[in-house]
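Pasting a structure below so you can have a look.
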Amino acid sequence: MVIIALKNVSKSYASGFLMKKKRAVSNISFKIKSGEIFGIIGANGAGKSTVIKMTQGFIRPDNGDILIADKNPFDPVSRLKMGYLPENPYFYTNLTALELLRFSTSASGVPKRLAEERIKSLLETVDLYASRKQRLKTFSKGMIQRAGICFALVHDPQIVVLDEPMSGLDPLGRKMVIDLILNLREQGKTILFCSHILNDVERICDRVAIMDKGCLRQIYNKNELGTKTMEEVFLNTIQEKIAC
Amino acid sequence: MRLTRLFPVICLGLLIVLCPIYQKKFEEKRSTLLEESGIGYLIPSEFITTASLEFKGIVSDFLYLKMSTYLGGKIVNKEMMDRSQADFFYNAADIITSLDPWFWDAYLMSSMLLAWDFNRADLATKLLKKATTYRTWDFNPPYYLGFYHYYFLKDNATASTYLMEAARRGGGPGFLIPLATRLSVYQNSLTPAILLLEEQLKTTQDPFMVKHLGTRLKVIITLDKLEKKVAEYKKRNGHFPEKLSDLLSDKLIGNLPEDPYGGKFYILPNGRVFTTSKLRFIK
Amino acid sequence: MLAKILSLSMLTFRDGVRDRAILGVGLFSLGMMSITLVVIGFFMRELNKVAVDINLSAISLAGLLLTFFLSINLMAKDIDKRTIYCVMSKPFSRAQYIWGKYIGILFIIITAFTVLTMCSSLTIALAKLQYANWFKAFSWIEYYKAIYASFLMFVVLNAFVILFSSITSSSFITLLFSISIYIGGQTIEEVVLYLKSGPGQETQISEFIREMIDILQYVLPNFSVFDLKMQASHAIPLPLDYMFGITGYAAIYSVVLMIAASLIFNKRELS
């Protein structure tokens, strides 16, 4: 069952004094099946974050359609069963981790008792339980990242969108996130995953899309890699310089 | 290296010592500038009414305090103010009462100052008419208007009208109606002034104002007593005395009274008694 | 839907109430109130007027500081600092976000006003005790009415903050426009009355400007209707229907602004 579908999606931004249009995403189409881990990789400025923001309903595509569980991303219901971890998460720094997660569960309609259980479980998993009552302004970058992962997962979403989830984490933290993601796959969750760390992408993802200068160059199945590493495949694809 | 570290500390220490000395010198220059300008108090601009936005009340309080402390300083130092400054004070009071048209303290102080110290009862009554319009529940504005018309402007008819208005508003002293109706009897008497000042003293809490009003009341009571003695002298001798010592010789008074304002009491050919100080401090 | 808006309101309230700015505002207002007992000693008779003036002004100033610094921070900077993603990644519609933020800000203003009202009531009670003879023209009811009216002004002003924040993420521009609305709203009544008065009719002002002011008086909020400080300081009673009138005015104005903000924010891109 297709759970995320993008069809001929394009997006341009106007910038500068003359409001010159700069293309961020150009005619992208792909489908993500339920239970799949789909990775998007690309150089800086490739358009990965733009695609993710469009799936969250933060920005509208100029052309094309996006469906999240058969709903338009601008429909709040599409985000009911979706969890999102942005690249460099920013939270209200005067809140505690506990308050933040309680907000996440109440906004997603999770019953109170279940919410408390899930919050406790997740915080223990990411080793933040002891700091749950501390204000987020006292958290280190790694702690914020882990709090963000909890924020994305605490309401038991069906779809999880992770933008650079390893950012700011030490090797232990990275292992913890990978284990979490693999656990989510076992539960049948769908994961859309962006990362610069190609080893992790190769290890975790079922399929990988390579983006370059706003275009979708190629989608590779895990099995199609063969003896090549993800890095080799990525560099070869980018160097082909095929027009969008 | 050590000197590089110590240098900012030394500079700071020197500045801390030198700054107060420099400031003191500068303050002397500033005081000279204010004295040369003639008045140490700037009249508030008409723009201030709009610029005060929703803070008109507190701005009016501040401007009133500024005016009263300035005047207080003048009175305490026994400095006579130039009569040409009357319009200046009237305009300042007008702006304060435009900010808060119900501000009785401002009306009262300004009208008293204008009437008694600047001899500009016309400006005082103009202010009090404004107060009468706005403070519709208060007997004080028409009461003072009535008194000023009687005492300063010698207009008994208008005075009577205002005193009747004060009586009608209620809450005033009991003598208002009899005073209004018998004004012609009091035409040449100081009794209304005495009654007014006594009433003012009862309701003023500011110790400085109490002293100021008390001094004025003391002089007016002395003038009233002397006028009664002059009338008695005339009854005895068939003519008014020429000087106060005549009353002393006739044993009508025990000693020559002193004017706390520093003036000398004298008798007019028509039997009225006045003082050279005109109830204002002389330098 | 209401539960979601309320959860965002509580989030906003908690975040705002823990901001250090609120402590500074509170200390400033309390400082202003405490000087009441000193300052009123310099006045002649109407000590009640001065005490009420100082305390009501302190409360209004606190409201202004909270609106111009805290509210704008909570709203315009949300997009700038990207903290909005943490809310909008949840099933909130744009309108729910706007309303949730607005109600959260109002909760902060209500809390601040409640605390300051209690402190100012204590200050005035102490002043009344000390100078009982000069507190004859004072009414607690009129005093609290003035505080309520002041709060209504902030209901409308904060709605403007939300509206401007929905248009631009620059907190400086939002601040500039909010201050302009505040000043315009406080002065428009005076300007209109002046132009209608005798001297105003004679003043040399172009017809175009007169027309513009005629239009502006219906566009700009008339904040003067919420300023009951003068009446409170002289214990001049205000009829209940006037209070109902200004409540209705504030409610209608702020709902219109919030609907406009929701519509504008709906089209906004959060990039």
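For reference, chains read A, B and C in written order, and residue numbers begin at 1 within each chain.
As a convention for this text, contacts are C-beta pairs under 8 Å (C-beta built on N, C-alpha and C of every residue); 3 or more make two chains touch, one makes a residue touch a chain.
It should be emphasised that the depicted structure is a prediction, and the values quoted were computed from it without experimental measurement.
Annotation of chain B and chain C: not jointly contacted by any chain, touch as defined at the top.
When chain centres are taken as C-alpha averages, the shortest distance to the whole-protein C-alpha average belongs to C. Placing every chain at the mean of its C-alpha atoms, the farthest one from chain A is found to be B. Centroids of chain A and chain C (each the mean of its C-alpha atoms) stand 41 Å apart. Our note on geometry: chain A versus chain B, Cα centroid distance of 79 Å, whole angstroms.
Multi-chain contact residues of chain B (touching two or more other chains): none found.
Shared interface positions of chain C, i.e. residues touching 2 or more other chains, are not present.
Taken in their complex, chain B has these residues touching chain C: 49-50, 53-58, 60-61, 64-65, 68-69, 100, 102-105, 108-109, 203-206, 209.
Of all residues in chain A, only 13, 50, 53, 56-60, 76-80, 82-84, 86, 88-92, 94-95, 99-100, 103-104, 106-109, 135, 151-152 touch chain C in the complex they form. Looking at the complex, you find that chain C touches chain B at residues 39, 42-47, 49-50, 52-54, 56-57, 60, 131, 133-134, 153, 182-183, 186-187, 190-191, 223-224, 227, 229-230, 233-234, 236.
Within the complex formed with chain A, the chain C residues making contact are 3-4, 7-8, 10-11, 14-16, 18-19, 81-83, 85-93, 96, 269-271.
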